[in-house]
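Each chain carries a letter (A, B, C and D) given by its place in the written order, and its residues are counted from 1.
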């Protein structure tokens, strides 16, 4: 089981902020996205994090991970 | 007549902070120094100003000017 | 080194003063460099009446801590304070405060700017603007400088 | 744009807050960059107990005004405040404050640093240190950064 989290405009577009997913490893971050959102492409500029660290989309996800998808950050 | 001013370590070394001098133009800043301090060389790193603007030692001085000599500045 | 995420209006100068007062650094720091980001009432040619700052609680703190660690490895810093607002915010209210204390000014200036640029590039905050026209829009990206 | 030469202890954060409060810039500035120089109790390997800041009254103000004019020509600044202490001063007391308000952070950072470096290079102030050993010595030059 992994936790998926969505933020900001992506959260609004998907109309949900988080969900849980049962996975069978091995699976990359991008695989996880497509499993959770089969009809939607993850736009090029969207950022991805696992356990609160930035990772590339090719990063392998493990059970227990928190996987996050979000648009470019705009703080400060 | 011009006014000469000395600051900081130079003022201490000369034991005076200002003086007035009658001059006959043309005279440079360095000429003025040597007129006022005939036995002393103005050290290379000393700065010179006329009417509160930095000038080179070759700058010509005119009656009514305020001519200042001081060591490198150390504010801030 | 303190990082605060704050969901209410903060007073940047009081924050810095209070923080500095409790540092045991009297006589040791010669340089304090500070940046304060404040909400403007305009952006991209439009009038803005309010803004909501969303963030990824937990990741924000983790990323800011990493940035501070990197800065400490690069410059001799005596202390630093970062405060970032979240939630609903109005024009003229402070968004972010970065303050750095060091012995010398070069370190303080460089580290403060580095912290601010890294915060803008990596800390997971997002701005949702409410225009005077009542339209809401997500700020799509930060300016490069 | 205000330049103050101050012969008594000043509170930098109160100075900035009060100055900012009377600016008619609410909602217009997004970036404030501040530098504060504070007296340390050590310098060049020696313990310092007090310092006297001498200046060339009149030339100081003239040179600082020129520096501010040059900065305004180079960056879009909304306002700036410079305060510099003179007279006898003790460790942990502020020596100098430079604060810049701008719409964007790049301008604020660059201008604040420029003002500070130019002040150190050109404003006619001199520091006479009194060491803990009671020896008095003139600081011979400023560090380059």
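The rule is short, and it goes like this: contacts are C-beta pairs under 8 Å (C-beta built on N, C-alpha and C of every residue); 3 or more make two chains touch, one makes a residue touch a chain.
Being a predicted model, the structure only gives us computed values, none of them experimental.
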Co-neighbours of chain C and chain A - touch as defined: none
Cα-centroid distance, chain B relative to chain D, in whole angstrom: 26
Chain A and chain B: spacing of chain centres that average the CA atoms, whole Å: 71
Inter-centroid spacing, chain D versus chain C (mean Cα positions, whole Å): 23
Centre-to-centre distance between chain D and chain A (centres being mean Cα positions), rounded to whole Å: 48
Overlap residues in chain A, where contacts from two or more other chains coincide: 76
Junction residues of chain D - those touching two or more other chains: 37, 105, 116
Every chain pair meeting the contact rule: A-C, B-D, C-D
Chain C-facing residues of chain D, complex: 13-14, 16-17, 26-42, 91-92, 103-106, 108-109, 113, 116, 143, 145
Chain A residues within the chain C interface of the complex: 5, 7-9, 49, 52-54, 68, 70-76
Of all residues in chain D, those that touch chain B in their complex: 37, 53-56, 58-59, 62-63, 84, 95-96, 116, 119-128, 138-142
